[in-house]
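In C-alpha cells below, several structures.
After this come two complexes, each holding subunit A, first together with subunit B and then together with subunit C.
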Partner chain A sequence: MKQKKGLIIGVIVVLALLLIGLFAPENFKNTLASFIAQDLRIALPLAIAAAGLVFGERSGVLNLGAEGMMLTGALFTWIGTAMFAGNPWLGILVGMFSSLLIALLFGFLVITLRSNQTVIGVSMNILALGLTSTIYRVVQSMEMKITGFPSLSDLLAKIPGLGDVLTNKTAIGTQLALVDIPRIGSFLDTIFSQNIMIYIGIILIIFLNFVLFKTDLGLKVRAVGEYPKACDTMGINVYKIRYGSVLFSGLLTGLAGGLLVLDIKTFVENVTAGKGFIAIAAVIFGKYTPIGALGASLVFGGAQAVQYLIQAIGLKAPSDLMNMIPYIVTIVALAGFIGKTHVPAASTKPYTKE
Partner chain B sequence: MAPILEMKNIVKQFPGVLANDNVNLTVEKGSIHALMGENGAGKSTLMNILYGLYAPSSGQILFNGKEIHITSPKHAIEHGIGMVHQHFMLIPALSVIENVVLGKPENKKVLELKSDAEAFVALGARYNMKIDPYALVSDLAVGQQQRVEILKSIYRGAELLILDEPTAVLTPQEVTELFKIMNQLKEEGKTIIFISHKLKEVLTICDTITVLRLGKSQPSVPSAGTTKEELAEMMVGRKVFLNVDKGPYNPGENVLRMDHVFTKGTHGALNDVSFEIKKGEILGIAGVDGNGQDALIDAITGLCKVSEGKIFIKGNDMTNSSPRDILEQKVSHIPADRHKRGMVSAMTVKENMILISYYKKPFSSGGFLNWKFIEKNAEEIVETFRVKTPSIEEMSGKLSGGNQQKVVLGRELSRDPDFVIAAHPVRGLDIGATEYVHECLVAERDKGGAVLLVSTELDEVLTLADRIAVMYEGRIMGILDKEDFDITRIGMMMAGQNQ
Partner chain C sequence: MKKKLSTGDVLIKVLTPIVAVGVALILGMILIALLGKDVGVAMGDFFEGALGNPIRIGDTLSKVAPLTFTALAFAIASRCGLVNIGAEGQFYLGGIAAGLVAIYAPGLGIPGIGGAVVLLLAIIAGFIAGGFWGLIAGWLKVSFGANEVITTVMLNYVATFLNKYLIGYNGPFYDGSGNPQSEAFKVSFERGFLVDGSDMTIAIILGLLALVFYYIFFFKMKKGYEMRVVGLNSTAAEYAGIKVKSNALLAMFLAGGFGGLAGVSELLSAQSRILPDFSSNYGFDGIAVALLGQLNPLGMGLSAVLFAVLKSGGLAMGNKGTISPYIVNAIQAFVIILVVASVFIQDEYTRRKLIRQAKATKGE
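Let's turn to the complex of A and B:
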C-alpha cells in the first residue's frame, strides 16, 4: 500500500514535468527548472543529515548536537579537501571522521554516562562552534583549493566510448545529450544535470529506509528506541545498538556538513547557520523515516529556493524578510505536526541495565 | 521423571540485602511448578538468575542434568528457557510478528516476516489461538498480548516457561483460558514455573509448590492434599486468618451520589456513571485495570474535571470542587500509587502525617507550624497503626512498602472520615499487612463510614464488599448485591458483556 503510494507520486511528478516541458512557455520552464535545481541542492545536506538522525532518534537518542556535528564536518571537509589537493571525495571522508569523533564523545556522555541528552546536545553545539571558529582563524590565511563534486554530465562524459554519446560539449560546459530533444531538452537538462551527490544521496536514503524497515538490524534499532528493557530480555545489546545509531548519525551529519561546504566551495564561521536544527525538524516532519525526512527537506529547501524565484520574477522584497521564509516554514510545519506523529517511546531516556 | 531443572544452594547478595539464601528448587520435566512467596521473599531474584538477568553470588544450576552458566537472557533462550514477565516485554509500536522475531539469532539480514508469520499463525492454531501477526501490539487487549508472549517463547524454542504473575491482569474467564493452554503445554511435555501469590489458583493448576520466605526456600509440597491455610502459613511463617470478620450489613443514608457523570479524555474516561454509597457499607469496584477506575477516583476527589453530571457528597453538590473542599467534607483518600500521590518519599514520617491538615489548627497557627502537636500526633498514629519505623524523623521512602501504606492509612483514617476512598489499598503488600489494611477498612464500615474500594483483585472485592459495581471502559456494567455475587457473571461484566 505504502509502496504503491510512493510509485503513484513518482509517476505523477514525471508526468507533470513532461507536460510542463512540452507545453509550458519557455520563460516559465526556465524559472521552474532552476527552482527545482535549487531545491534539490539546498535539500540534499538537510536530507542526508536527517536520514542519519532518524537512526539516532529511532534508537532513542535525540541528537540535538547535530548542528555542531554538521559544522565540524564542514570545517574538516574544507581542510581535508585542500589537504588532498582539492579532492572532494577524500576531503569529505576527513569531514565525516571528524564528526564521528564528536558523535563518539556525545554517545559516551549520553549512553554510557547517561547524561541529559538535551543539555549535552546543546553543549556539543557550543563546543563545535568554538572549536571550528578557532581552527578556522588559524588556517584561514592559508590558500585553500576546493573543487566540488562533479555533475552527472561531467561524470558521464568521462566514460570511455559512451561519453560522447551521452553528453554534448557546448559553450556553457558539458550538457546531457537530452538537451537535443526538442522542446523539453534543456528543461530536463537543468533538472537532471546535477551534482552527482544528489543521485548518490537519494539512492542512499531509499536504501536506509529499506534497512530501517525491512532488515533485522533496522528492527533492532526501532525496538531499542521504544522499549529498551524488553530488548535486553530478548538478548539484544541496547548499548551497542544505540552507539551504532549515534555514530552513524554523526557520520551522516558530518557528510551533510561537508556537502554544504563543497557546494559553496568555502568555509565561513558558523556556515551551517541552524541547518542541523532544520534537519532535526525534518526528522519529525518526516515522521521518523528516511524517505519522509527527504520529503520534509525538499519542503524546507523549497522554502529557501522560493527566494531565488521571487528575485527571478523581479518582485522587490527586503532580503531579511526573504531569509526568514525557511525558518517560518519550519516552525509552521512542526507546529502542525508535533503530537500527531508517533515519537519513539524511549526517546531521550537513558537506559540503565539492572 | 527426571528433573529438568535443579537450582542448588543459590545465594544472591545485593548490597545490604541477602535476597536468596541457599535456595533449592527442583522442577520435574512436564510439570507445572508453583513458586510462591510474599513480596521481597526472593521469587523474582531467583527467576532473574535463572533467566540470566542477574548473576548468582554462588550456587549451581543444572538443566537437563548438565550444569549450565547463564550469563544473559540470550543464553537462557538458547538453552530453552523462556520467561513471560509480569510487565510484558512487547513493543507496542511494532507488529506482533516483528515482536516475535526481534533479536532472534536465526534471523537473516533481510527479514523474512512472511514465512515467520505463517509459522507463527500455525503454532497459534495448535493452541486454539487466533492471532493476526500483522496487528500492532498496542491494538491488542491485555489477554491477547499475554498469549503472544507465551507463543513467542514457545516459537523460540522454550522447553521451560516461566510465567511471572500471569493472572494479575486477566478476567476470570481469561484465567480459565490460560489454564487450558498451560495444561496443553504440560501434555506436550513442556515445563512451567508459575509464580503467583494467589493461593486458590496455585492449588488449581500446579502439581508441586515451592514457597520462598525471607530469601530461604521451604521444602516443596505436592499441591494435592495441601490447603490454602497451610500455604498461607508457609508464606508468612505464622497462622493467618484468610477471612475477615464483618459486622451485620446495615446501610444508612447516602454519603456519595454520582449522577450521570462523564469525564473527558481518550482512555478510560467516565461514561454516564451513576451509583450511590451509603453509610456503613463497602462498595467494591471490580474491573480490569485501566477501565476508568482512575478517572472515577479523580472525579470524586476533584483531581479531574467532570464534563457532565453531578457528584453529591453527603447531599452537597461537590461537582468540580477543589480537592481541599472535598477533603474538608471528611473524605479520606488512599491513592493507588502511594509513591506518586500518597506520600512524599523524601519527607519524614511526621511531615507526611500533616500533608492534608497542616494549615489547620492545632497543627499550625498564624502561618507557623506547631511542631510539638505535630510530633505528638505522629507518635500516636505510628502507635495506633503499628507503623514499624525507627522514629517519626525517618524518611518515608526508607520504610518498607507495607509500612509506607500504614503511614498513608494512618494519616487518612485518623482524620475520622465519613467517606473513605481506597484504591488498590493492598497492592504490593504481603499477607500480614494485607490482613491489617482489610481489618482497618472493615472497622471504618462497622463504625458507620462509607467505603469505596477499588481493586483489580477480584477476591479482595468479593470478601470485603457489601455491593460490587463492575467497570468496563468507563461505564458501570452493573451493580450486584451480596446475594448475587457470582464470579462468572462478574467476569463477563469485566469483559464488557452483560446479558
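Let's turn to the complex of A and C:
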C-alpha cells in the first residue's frame, strides 16, 4: 500500500514535469528547471547522510554527532582531494575514513560505555568543530585544486562509440542529446545533466531501502532497535548490529560532508552549518526510511533553493532573512509530522547484556 | 535528602573532573604537537594571554559571567530532563534586546530613566527575549514532541541570521556607518570592576547571584523540586500530580532567560555596540561548563572560571598566530567526553563494590 502511494506520487510528478515541459512558457520552464537542479544538488548530501542515519536510528542509536561527522568528512575530503592531485573519488574516501573514526569513538562511548547519546553526540560536534577548524588553519595555505565529480553528460560523452550519439558538444559545454527534442529538450537537459553522484546517490538510497526492509540484515537492524533483549535471546549480537549501524551512518555522513565540499569546491570553518541536524530531521520527517528521507531532503533542499528562485524572479529580499528559511522549514516539518511516525522503541536506550 | 556517601564515592566525584581536565589538556598539547607547532611556545602564549598581568586576569574573569549564565541555560533544562543546545541563540536574543534598550531607551526622554534604570530594563528585556527563544523550543517539545536538540540548534541559526539582518545594511537598526553594526550603547556596565583597566564589570556578581538562585530554586523550593522530579522520571511525576508540560515550559523559559542574560552580560560589559556574530561560541562553551560542574552550582562556578582561562588563553594563542583558538573547542569536547564516560567507571566501581559486599556476606 505504502509503496503504491510512492509510485503514484512519482508518476504524478513525472507527468506534471512533462506537461510543464511541453506547454509552459519558456521563462517559467527555465526557472523551474534550474530550481529543480538546485534542489537536487542541495538535497544530495542531506539525503545521503539521512540514509545512513536511518540505519543508526533503526538500531536504536540516535546519532546527534552527525553534524560533526559530516564536518570531519568535509575537511578530510578537501585535504584528500588535494593530496591525490584533485581526484574527487580518492579524496572522498579519505573523508569517509575520517568520519568513520569519529563514528567509532561515538560508538565506543554510547554502545560499550553506555554514555548518554545526546550529550556524547553534542560533544562529537564540538570536537569536530574544534579539530577541523584547528587543522584547517594549519593546512589553509596548501595548494588546493578541487575539480568535483563529472556531470552525467561529461561522463556519457566519454563512452567510446556511443558518446557522440548520447551527447551534443555545444559552445556552453557538453549537453545530453535529449536537448534536441523540441520544446522539452533543454528543460530536461537542465534537470538531468547533473553531477554523476546524484544518480549514484539515488540508486544507493533505493538499494538501502531494499536492504532495510527486504533482507535478513535489515530485519535484524530494525529488531535490535525495537526490542534488543528479545534479539539477544535469539542469538543476535546487539552490540555488533549497533556498532555496524553506527559505523555505517558515520561512513555515509562523511560521504555527505565530502559531497558538500566537492560541490562548493572549497572548505570553510563550520561549512556544514547545521546540515547534519537537518539530516536527522529528514530521518524523522521521512518516517525512518531511506526513501522517505530522500523525499524529506528534497523538501529541505527546496526550502534553500527557493532563494535562487526568488532571485531569478527578480524579487528583492534581504539575504539574511532568506538564509533562515531552511532552518525554519526544518523546525516546522519536525513539529508538524513527528507525532505521525513510529520512533524505534529502543531509541537512545543503551543496551546492557546480562 | 542525600544518601550518605562513602569517602570513596566523594573522592571519585571530586577527582573525576580534575583528572578529566588534566587529560583533556594533555590531549590538547599532543594535538598542538601533532600539527607541528611548538608546545612550549603555545603554552607560553596561552598563560601570558590569560593570566599574564592583573588586567589580563581581569579580562579573563570578565568571561566568567557569560559562561556561568550559558552553563545555567543548559543546567536548568537538564534538571527538568531537557537538553538545551540553544544557549547560543538565546544569547543572541538576549544581547539584541538588551542592546536595543541600551541604545534607544536613554533617548526616549522619559523622566526617571537614568543609567541604572536603563541597565535594569536591559537586563529584564534580555531575560525575557532569551526566555521567549527557549520557550519556542519548549512549546514545540510539549505540544508536538519535536526533539528539542534539533529545534534549539535550528533556532541558533535563525537567531544568528536575525541578528545579522537587524544590524545589516537593510536592517532597521543599522547605524549607516558602512559596516554592519548598530549604534553605540548609551549606557553599559562600568568597566574596571575590582581590577582597574580590565573588562570586568558587576556582571560577575550577577552570575554569582544566578548560581545562588539556581541552588535555592532547585534545592529549597517546591517548584524546583517538582522540576527535578519531572527530569528524573516524568511518568512518576505525572502520577504524583505534577504538571509535566507546564514544568517543561517553565524550565525552557528560565533556561532561555539565563541564556539571554549571558548575552546581556557579554554585550554590555565587553562590547560597545551590536555586531554580527557577537557571541564567539559562548552558548556551546556553557554546555561543557555545566557538564564539568556536574550541574552543581559550586562546580559550575569553578568550571566557569576554568573555561574563562581556557577561552582567554585560546584567543591569545589565536591572536599570536600559534594555533587556532578553536583548539579550545577540541579541549572542551575532550573534557565533556571524559566526564560523561567516567560515569561508566563510577558505575563499575559501585557494581564491583556491591559484588564484593555480597560475597563477603555469603562468606560469613
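Worth a mention:
Throughout what follows, the second predicted complex is superposed on the first by the 354 of 354 C-alpha atoms of A that agree within 3 Å, B and C clash if a C-alpha of one lies under 4 Å from a C-alpha of the other, contacts with A are read in each partner's own complex, and residues count from 1 in each chain.
Just so we're on the same page, a contact is a pair of C-beta atoms (placed from the backbone, for glycine too) under 8 Å apart; a residue touches a chain by one contact, two chains touch by 3 or more.
All of these numbers come straight from a predicted model, not from anything done at the bench.
By the document's definition of touching, of the two partners only subunit B reaches A:235; subunit C does not. Ranked by how many residues of subunit A each touches, subunit B and subunit C are led by C. In the superposed model, A:215 lies in contact with subunit B only, and not with subunit C.
Of the two partner chains placed around the shared chain by superposition, subunit C is the only one that A:324 touches, whereas subunit B remains out of contact. Of the two partner chains placed by superposition, only subunit B is touched by A:223; subunit C is not. By the touch criterion defined above, A:315 reaches neither subunit B nor subunit C. Once the two complexes are overlaid on the shared chain, A:142 sits clear of subunit B and of subunit C alike.
Of the two partner chains placed around the shared chain by superposition, subunit C is the only one that A:120 touches, whereas subunit B remains out of contact. After overlaying the two complexes on the shared chain, residue contacts for A:274 are found with subunit C alone; subunit B is out of touch.
Subunit C makes touch with subunit A in their complex at residues 31, 35-37, 83, 85, 140, 143-147, 149-151, 153-158, 161-162, 164-165, 168, 170-171, 284, 287-288, 291, 323-324, 326-334, 336-337, 340-341, 343-344.
Across the complex, subunit B is touched by residues 214-217, 219-220, 222-223, 226-227, 229-236, 342, 344-345, 354 of subunit A.
Of all residues in subunit A, only 64, 67, 105, 109, 113-116, 118-124, 126-127, 129-131, 133-138, 269, 273-274, 277-278, 280-281, 284, 318, 320-321, 323-324, 327-328, 330-331, 334-336, 338-339 touch subunit C in the complex they form.
On subunit B, the positions that touch subunit A within their shared complex are 51, 53-54, 72-75, 77, 83, 85, 88-94, 98, 101-103, 105, 107-111.
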